[in-house]
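There are two complexes below, and they share chain A, which is joined by chain B in the first and by chain C in the second.
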Partner chain A sequence: MNFFKRQLPLVVVFLVGMMLVFAFYIPHPGSQLVIEEAQRWSRIIKNSALVLGVLSLVLHHLRKVRRKEEGYGYSLVVFLFFIPMVVFGLLGGIDAPQEGESAAVGYWMFQNIKVPMEATMYSMLAFYISSAAFRAFRARSVDATIMLIVALFVMVGRVPVGDMVSEVLYNWGLPFRLFSDGTDWIMNTPMTGARRAVRLGIALSIVATSVRIIFGIERSYLGRGD
Partner chain B sequence: MKPEKILILFCAACILALSLPADAQPAMETGALQAFDIPSDAGTAIGLSWPVSLDAGPGREYVLYRSLGQDGPFEEIDRFPEIRQVVVKGEKVQRINRVKKDVPKYFGFAESLVGEHFVEIEVEKKDGKQIQHYYRFALFENGQQQSISDVVTAVAIPNWFAWNRLNNFILMLVFCGFVLFFIEWAKRNPNLFIRRLAGLEALDEAVGRATEMGKPIMYTTGYHDMDRVSTLASVNILDHVAKKVAEYDTRMIIPCKWSVAMTVCQEVVKEAYTNAGRPDAYNANDIYYVAGEQFSWTAAVDGIIVREKPAANFLLGTFAAEALILAETGASTGAIQISGTDSPYQIPFFVVACDYCLIGEELYAASAYLSREPRLLGSLKGQDAGKMVLILGLIAANAGVLIHELVGGGTFLLWLKYFFTQI
Partner chain C sequence: MSFWEKVLKLDRRWIFLVVAIVVAIPIIHPLGLPVAITPDVRGVYDAIENLPEGSPILVSLDYEPGSTPECDPMAEALLTHCFRKNLRVTGMTVIPVGVGTGENILALVSQKMGKKRGEDYTFLGFKAEQSASIVSIGISLQNTFRTDRYGNDTSTLPVLDGVRKLEDFAYLAVVHDDATLDNWVIYGQQVTGVKVGSLCTAVMAPGSYPFKNAKQITGIVGGLKGGSEYEKLLGIRAAASLGMDSQAVIHMFLIVIMILGNIAYLKTRKV
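And now, the complex of A and B:
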């Protein structure tokens, strides 16, 4: 049993990992077929595992409703929307209607309930950014003060007022558009450099972690029990 | 002729040659059309190239023809002006119209096609067999045909090695070599230094705080499934946290966005409880699937944070726009928050809203840091060594490009630049 829990996964990871790494350097259609097949199997496994996820979701909320645990009303809401979406989606489909056709109920529910709710969640970011900025932009130290000044400069440069002020100063004789060109320079030069440095470190870390996983040095994902 | 005169004439010729524009070409020859197989591809395309003319100007147009036989009949398949106008910073600039310049060659450096027009044509297939076509082009000026080329043809052949990725391959071997070497080296020298990572030092403190307050811990592995290395890195940290949670008998809630990640997390936590001698304390109901959509999952996690009021939140993995929503909601409940992400755009939000933040590669170093296993620490050292080699190479490449721009020089400097930049 230990072979199936420990050794076999390591062998599979090694073989598949090496195969996919070398397939990247082999453009021949036979090699690309390997990558496509691996991606197809990955999608099949993910979608098959979705059954486990849905089962977990249903059992979790069913347990809460049955035991009337605190907040079980939210679980009822989950079922209130989950069941109709599944039923109407399976019966009527969720495809966009053709010209002249009426929309299926599943499609209507997706477009008119789910999509606006997602947009609402996304829009909350505006308020969260404001509260985070209010907490973060405090001149407690030299570094924090510099960050505050630069952040204010970039914020002004990104709004029409900044363009207006830049234009006025430019017409008065300043050789460049202060906020517009300054913001562009900050975003294109120091910030891009810093972001590339972070990305370089991340990319190399991903390679090193992948080497550890492929060669079986990193085994935490299998669980303990060596 | 006296030797001195010969030397003077030779020097004058050199100066004249060096002072010519880099892309100077003889007058266009329509017979110079070449067809070739695109190198380093899957045998799906061929290329046509011909020299750019010094006489290039507006009103001139190339028309491309194709036929099934060498003698025709030819059908027009494309036409494009020789010159196109490009707007650069408010000023119109005339550019020679190179339809596609970057033909894959060594390291993606298309030196052989500088100063040439190039067109890539996808080959047609019927019943799995390639249909061979014949091509020619004609030059029109103000609607009048000026010249027509010879007929050319080529066959697309699938290649077994992507030569345009040779530099990537070499760098990959060098970097992996460093990592594997230092892993072996670390077995003989186990006491390796690794700098302090505040976020990881605070893991035990966060678990202890939750235990003292009698509140649960909330852990999330991020936006992506187990096919991402960042999620694997998060699961590595989960292994350590789960061990502590099992020892302290603290409740840990893990809302998952993906089913596969959910099952892996369940296994890891279960093993941790079993190895801590407390298999009965493991509760699979606390590790569950919530939703597959981004903001559905975010709303569910926010709801858990607001209702369950965990004392510690662990946000470790790749995150997208939901990062700040999760972090701010957690901050509003007064939880200690330890975050870590490899998403460069979300790092600032986590730094602001969380108590501790693992930035980029620190997330991947966590397993080595927490376990202190020599092999894992050795891999970190190898990673740093490989990074140093890459940085030195980039500096050398940039210096080479600067020298090449200032004083000219051989192709070696350009090859150095493309070796490190055309990855």
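And now, the complex of A and C:
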């Protein structure tokens, strides 16, 4: 059994990994076919994982309700919304109605329950960010002070008031539009530089991790084998 | 207790109340603040404006319901521009809930502009596994999406006439609230050379700048500010411009309380 749990997955990962690396860099119709087939497999696996995820969610909450575990009321709420959404979605579809058509129940539920609820949750951030900005954004050190000044500058530069002030100062003789051009410079130069560094770091890490997985050095995805 | 100590101990509910008021007032009474056009937004606008009539354009609508207040206005402006130019619009998404948000905005704008599904526009729907789907579209759109969302064969749809893979699209606009642009650039633009534009939430905009400066995307429409600029270029004043007034006022309020909080902190700090 150890062969199926350990050796076989390592062999499969090595063969598939190497095959796809070579196929990606060889511009030949044959290698394109390999990539296309692999992509199809990948999507099928992903969709299967989606079904597994839904099943796992249902079983988890079902167990909580049956055992009346602490907070099982929330699990009931999950089913209260999950079941109608799935039933109406599968029976009536969720497609947007065309002119003159009436909306499907699944579509109506998505647009009138899910969208406003999520938008409300997201919009609530305005209150919490305001409170947090007042309490936490303090000039406690040199680094924090630089960050604070840059944040204030960009906040002014990202709204029409900043454009208006910049225009006035420009007309008074300042050789550049203070907040507009200044914000553009911050976004295009130091911020882009920092983002590039982060991206390069991430990309190199992905390459390193992929190589470790393909060559069987990184094996944590196999689990502990029990 | 001194005045500054009182400021530091200000009940957060007062801040919540003021935020609610300063957000609501510009919505009830729009201020009509002037918006300056940035080169970032012009980069997307000009790329679409310069396309010949009837060109096929792919719009990937990759945003969740929570981001609709920010992404819907810019998507609406973009689609209005495309339909005004009589471009053939193909919508799709690489995130599951993008089906609900993307199809909805495409249906709304197309109906408003009197466009016909299948001829002027279509919506392909969602494909799982972002990178794999994008690579796959780069090889064959018809093999990736055999039918559109309404069951029509993609190999015979008039809106996709002459389009067999990603590079056949004259432009790719990615409306996103997540890092889907990264995959579109890495597996789409870099492989096929298709021109790309980023339309994203303000939070995601910084992530688009390295691509813009490397000329991998033509421009960035970031947040309500970007949306309002796009609306101005189109000569309309819609949701983004209205929301921009509130955003401008709330930014100024935040600046004031941040400065106030820091003065109080410095005044009461024990050395």
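Here are some notes:
The rule we apply is simple: the second predicted complex is superposed on the first by the 209 of 226 C-alpha atoms of A that agree within 3 Å, B and C clash if a C-alpha of one lies under 4 Å from a C-alpha of the other, contacts with A are read in each partner's own complex, and residues count from 1 in each chain.
Please note the rule applied: contacts are C-beta pairs under 8 Å (C-beta built on N, C-alpha and C of every residue); 3 or more make two chains touch, one makes a residue touch a chain.
Quick caveat: nothing in here was measured; it's all calculated off a predicted structure.
Legend: residue contacts after superposition of the two complexes on their common chain; A:118 is shown touching both chain B and chain C. Using the contact criterion defined above for the overlaid structures, shared-chain residue A:54 touches chain B, although it does not reach chain C. Of the two partner chains placed around the shared chain by superposition, chain B and chain C are both touched by A:199.
Contacts of A:215 after superposition on the shared chain: chain B is touched, whereas chain C is not.
Touch criterion met: A:98 reaches chain C, while chain B stays clear of it.
With both structures placed on the common chain, the touch criterion links A:67 to neither chain B nor chain C.
32, 42, 46, 50, 114, 117-118, 121-122, 129, 131, 133, 135, 195, 199 are the residues of chain A that lie in the contact sets of both chain B and chain C, per the superposition on chain A. Remark: chain A residues 32, 35-36, 38-40, 42-43, 46-47, 50, 94-99, 107, 110-111, 114-115, 117-119, 121-123, 126-127, 129-131, 133-135, 137-140, 148, 151-152, 155-156, 158-161, 163-164, 167, 180, 184, 187-188, 191-192, 195-196, 199 touch chain C in the complex. Considering their complex, residues 21, 24-29, 32, 42, 45-46, 49-54, 56-57, 60, 63, 70-71, 74, 114, 117-118, 121-122, 124-125, 128-129, 131-133, 135-136, 195, 198-202, 204-213, 215, 217-218, 220-225 of chain A touch chain B.
Listed in rising order, the residues of chain C touching chain A in the complex are 10, 12, 15-16, 19-20, 23, 33-36, 38-39, 64-69, 96-97, 99-101, 103-104, 106-108, 111, 117, 127-129, 132-133, 135-136, 139-140, 143, 149-150, 202, 205-207, 209-210, 213, 223, 225, 244, 247-248, 250-255, 257-262, 265-266. Within the complex, the chain B residues that touch chain A are 40-43, 158-162, 165, 168-169, 172, 175-176, 179-180, 183, 225-227, 229-230, 232-233, 235-236, 239, 243, 256, 258-260, 262-264, 267-268, 270-272, 274-275, 285, 288-296, 298-299, 303, 307, 321-322, 324-325, 327-328, 342, 344, 347, 349, 352-353, 359-361, 363-365, 367, 375-376, 379-380, 382-383, 386-387, 390.
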